[in-house]
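Following this line, the structures themselves.
Next, two complexes with subunit A in common: one pairs it with subunit B, the other with subunit C.
Now for the complex of A and B:
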C-alpha cells in the first residue's frame, strides 16, 4: 500500500469572533511524514479535524489522493485517525475495536445489527476475512496476545498500539495523528517515536502528525509545518527549520534549550551591533533599524574567565546555575553589557570539566558569540539574510 | 540542624481520657450513626418480621405467635396471587416502556440546542408533581363518557374505550399513567449518561464509518449507557413495584380485582381489616422482592462498568 498526497488550500475556520485558522495552505507528498507543530491553541488540532471531516471549514478545499473530499464523510475520505485519548471503544474487546472499521466498511447494514446481524446468511467469508486482517495487524504490532482484553485492562502503551492498529486495518491513504504520544510516559514516548517512524517507512503511508512537542517534530518528520496563531509560518525539513527559522517565533519554538534572543542595533552599512560592540556581520537592514539576534545555546563557545577563544567577540558571563545532562551541560548566565537578558550555553561535559579545572573565579566564564552563526530578525520578526564581514575597528557604543 | 525550643510546662493535650484507653476511638465516633440506623431502619424491620409470625391485630390486647401461619395463608390466598401477577404485569409494562421511551427522549433532547432546558423541564414536570392529584386528572381525562381522550376517540368515529372499567384494559391504563410519570426521570438520568460519553468516541466512530443514527446507537451510545441503563431499570422496577397512588385514587383495585396490586393489598389488610400480622407477612415478602432486585443491580452492574 502507498500513501496518498494531501493538498490543503485556503482553509479558514472561525468560532464566533475568533479566527482559529486563516487561509491555511499545505501540500503533503505521498508517503511523507509531515508534522504540524505549534503551541497549544494555534489551531493545529482543528486543522486535523477538518481534514478528517469531523469539523467543517468556513472556506477552502481539501484534496486527498488528487480527489476533492470536501463533500465526503469522514469514513469515505480514505483516512484513519489516532486520537490523543486513543478513543478506544471501552465496551469492546481489542479484537472488536480493531475490527470495527472493517465491519462498518464490509458488512451490509442488516448484518451489523445486534441480535439479527449474526443470522444474516452469506457473511461468513467476509467475517473470516475481517478476523484474519485483525490477526495480521495485531501480529505486526505485537498485540495478538491482547485481543480478548477490554481497553480498561491495557496499559497506556498497549492502548496506543491498539489505537494504531485500528487505524491500520483499513489500509488508509493518510494517517492523521493527534498528539498520539502525549499520554505516554517519557521513556515509552522515546521508544514509540522510533517505532512510529519505522512503521511509517514500512507502510510507505502518508502521516500527518500533530504535536506541540518540538522534539517529536524534529526527530520524526520528513518535513515540519510550524503553526502559530492560526497560520502556517514555515514548512521545511527539520534541519532547515533549525538552521534557518523564517520567523523569530519559530526560532523560539524549535530547539532545546530555547534559542537566546538578544536585542541588536544596526550600524552603518548594515553592520550588526550587539552588547555594545559591532559584530563581523552585515545585513540588508538600514542603519538605526531595530533588530534581534538569535544564538543557539549550542553555538555559544565558553572558556575559562581568563581568555576567550575562537569567537568574534567575547563577553564576561556570570553563572546563575548549571544543568547537568550527563554528557552535556547547560549553563544559565547573564552577560556583561546586558545583565537583564537571560542567556544559556550548551557544551560537552568534558569541555566544562576542563574549564572548571583551570581555576579562576568559579562564577565567571568567558562567553564567545560566533557571528557567523547569528540569526538576525527584523522588527517584524522575519529572518534577515546576513553575511560575515571583517570589522576592523570596534565601535564604542552603538546605541 | 538547630534544636527546637522546648517548653517545660506545656504538654500536648491528651486526645483520649485515661479511662477510655484501650477502646478504639473510631467505634465511639461511629456509635451515633450506628444507633440511628438501628433505631430508624433495623428495629422497625425486626418488629415487622416478628409481627409477621403473629396473629396481632391493630389495637388488640392479646396476641400470640402463629409460626409460619401467615405465610402459609399468603401462598394459598388467591387475591394475593392475583395482586402479585397484576403487579408483575404492571411492572413489566412500565419498566420496559419508561426505559425505552426515556432513552429515546434523552437522545432526541440531547440533540436539540437551545430548547434542551425547556424539554427537560417539560418532561420532568410529572415527576415533580403529586401522583394522587394527577391520578384524579387522569381519571377525568380517560373517563369513558366525559373524558377528552374518549371524546377524541369518538370524534374519530371509533368506539369509546372504557379504560378503567374494562378488566382487561384497566391495568394497562394505569401502566400508561405510570410510564408518563416515570419517563421524565429516566430521561434525565439518560441525559446525564449521554453527557458522560466522550465526544472522541463519536468522532472515532465517524471515521470508522459508524456515523448513521442506528450504527451510532447500537455501536456507541447504547453500550456506553450500559451502567446508566442498569441503574434506570432497577430504579424504575422498584418505583413500579410500589404502585399504589393511582390504584387507590382511580380504580380501588377493580374492576373485578384486575388492578389489585401488592401495596394496595397491604394497605387494605393493614388499615381496613387491621390484620397486622398478615400485613406484616406481606411486607416481608415485598421486602424480599425489593432486596432481590437490588442484588440483581449489584451483580449486573459489574458486567457493564468499563473503567
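Now for the complex of A and C:
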C-alpha cells in the first residue's frame, strides 16, 4: 500500500462576512507526513474538513491521487480521518467500530441492515474477509484484547488506538488527522507521537496532520505548513522553518521557549542597530527603516557578569527568574538598554552551574547576542536576508 | 473541664443532625398527604367495583367481606358492553399512532438538528408555533375534512390527527442536537447513508428520549376521550374511554359495574407503568411537561 498525493489549489471558504480560508494552495507528496500547524482559529480544521468532503469550499479544487474529488462524497475520496474526540461509535464494540468502514464499503445496503442483513446470501466470504482484516489491524496496534469492549470501557490511549485502527482498515490513500493527540496526557502523547511516525513509515501512507502544537509539528513531520489567519504562510521542512521562518508570526509560533523579538533600527548601508549598538550584520533594508530582530533563546550566550565571550556584542542582563528543565536552564531576563522587552536565554545546566560558581552578583549576567544568528524582519514582518560583516563600534567604519 | 468540653462538642454534633431528620419527616409527611389525595379516587374506584352498589355512597371507604359483589360487578361490566373490543380498538389506535409518530418525528428532528438547508429556522419556528396550538383548534376543520372524505368511524380517523407530533419533533430535535458532530462526520467518511446514521447511531443514543415520549404518547391516546367522541359514533370502532362513556349512559346509576369497567380499562396502563416506571419518571423530568 502506498499513499496518494494531494493537491489543493485556490481553496477559499467563508462563513458570512468572515473569510476562514483565503486561496489555499498546498501540494502533499505521496507517502509524505505533512503537518498543518497554526494557532486555533486559523482555519486548519476547516481545511481538513473540506479535504474530507465534510464541508464544501466556496471555490478551488482538490485532487487526491491525481483525480479531482470535488464532486465526490467523503466515503468515495479514498481517505480516512482520525478525530480529536476519536469519534468512536459509542454503543458498538471495538470489533464493530473497526469493521464498520469495511462493512459500509464492501456490503450492499440490504446486507448491512441490522435484522435482515445476515439473511442475505453470498456474503459470508466478504464477512470472513472483513473479520480477518479487523484481526490483523487490531494485532498490529496491540488492541486485540479489547475487541469485545465498548468505547466507554477504554482509556484515552486505547480509544486513540481504536480510532487509528478504524482509519487503517480501509487502507486509505490519505490519512487525515485532526489533533489526534490533544486529548492524551503528556507522557502518552510523547509515546504516541513516536508510534505514529513509525506507523506512517511502515504503511508508507500519506499523512495530513493538523495540530496547534508546534512540538508535534517539529518532531513528526517531513514538512510543515504553517497557517495564520486563513493563509498558508510557509511550507518547509522543520529545520528550514526553525532556521529561516519566512514571517515573524512563524518565528514566534515555532520554537520553545518562544523566540526573542527586539526592536531594531537600520543604519547606514543597511547595518542593523540593536540596543543602541551597531551589529556585525548588514541587510538590504534602507537606512531609517523599522525592523525587528529575532534571536532564538538557544543562540544566546550567557556568561558570568564580569566578562562576555564569543559574542559580537555583550549586554548586562538582569535575572527575573529561572526555569530548570533538568539538563537545561531557561533564564528570564531584561537587558540593559531596553528594560521593557522580556528576554529569554536557554543554556545547558552544566554551563549555568559554572556561571553560578564563579561568584559575583547572582542577579546579573553578561548576555552575548551572536549577530550571525539574527533573524531580521522588516516592518511587514517578512524575513530579510542578512549578511555578517565586521563593524567597528563606530558606525563610520563600515566599508 | 475536659468532660464539660466534650459534652458541648457532642451536643454540637447532635444538634444539626436532628434538624434535617425533622425536615425530612415533614417533607415525607407532606408527600404522603399529596399521594393520598391522588390515590383516593383510585381507591374509591376499586372499592366501588368490588362491593354492593347500594353501599357505594352511604359508606364509601368500607369493605364488608360479607357483601362482596366483585364477581357480579365485573361479569356485568364484561357482558353489558364489548369491553374486549373497546380495548382492542384502543390498542390498535395507540400502536398505530405511536409507530407513525416515531417515523415522522425522528426523521424531521434529525433534519432539523443535524442537516443544513434553506428555511431550516423557519421550519423549526413552525414546529414551535404548532406546539402552542391546542388540539381543540384544528378539531373542527379536521372533522369536516374527514366527514367529506367519508372516513368517519374508522381507525384512520381516530389516528390521523396524531400522526405528526410537534412535541416529539421538538423533543427529539433537542436530543439529536447534542449528538457529537464528529461521530456523524466519522460515519459519513465510513460511508454511512443518512438513513443509516439515523438508525444505527442517533436512534440508539436517543432511546431514553424515545421511550419517554412513547410512554407519554401511549398514555395520552389510551386515555383520550375528546377526539374519539368527535369522529366515532358506532360501537365497533369505540375506544376504551369512549366505550366507558357509552356504558355509563346505558347503565344509568349502576356504579358498581361502571367502576368495574373503569378498573379493567385502567389496569393495562397501571401494568405498563409498573413495568416502565423509570421511563415515566424520565419522561416527565426530560420533557418538563406537567
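The rule we apply is simple: the second predicted complex is superposed on the first by the 392 of 399 C-alpha atoms of A that agree within 3 Å, B and C clash if a C-alpha of one lies under 4 Å from a C-alpha of the other, contacts with A are read in each partner's own complex, and residues count from 1 in each chain.
Everything below uses one rule, namely that contacts are C-beta pairs under 8 Å (C-beta built on N, C-alpha and C of every residue); 3 or more make two chains touch, one makes a residue touch a chain.
Keep in mind it's a predicted model, so treat the numbers as computed, not measured.
Bringing the complexes onto one copy of subunit A puts subunit B in a clash with subunit C.
After overlaying the two complexes on the shared chain, residue contacts for A:228 are found with neither subunit B nor subunit C. Using the contact criterion defined above for the overlaid structures, shared-chain residue A:150 touches subunit B, although it does not reach subunit C.
After overlaying the two complexes on the shared chain, residue contacts for A:100 are found with subunit B and with subunit C alike.
When the two structures are aligned on the shared chain, A:365 is found in touch with neither subunit B nor subunit C. Judged by the document's definition of touching, subunit A residues 49, 52-54, 73-75, 79-81, 83, 85, 87-91, 100-101, 104-105, 109, 112, 114, 166 lie at the interface with subunit B and also at the interface with subunit C.
By the touch rule above, subunit C contacts subunit A in their complex via residues 180, 182-183, 185-193, 196, 199-201, 204-205.
By the touch criterion stated above, subunit A contacts subunit C in their complex at residues 49, 52-54, 73-75, 79-81, 83-85, 87-91, 100-101, 104-105, 109, 112, 114, 166.
Partner subunit A is touched in their complex by these residues of subunit B: 198, 200-201, 203-212, 214-215, 218-220, 223-224, 226, 304, 306-307. The part of subunit A that touches subunit B in the complex is made up of residues 49, 52-54, 73-75, 79-81, 83, 85, 87-92, 100-101, 104-105, 109, 112-114, 150-152, 166.
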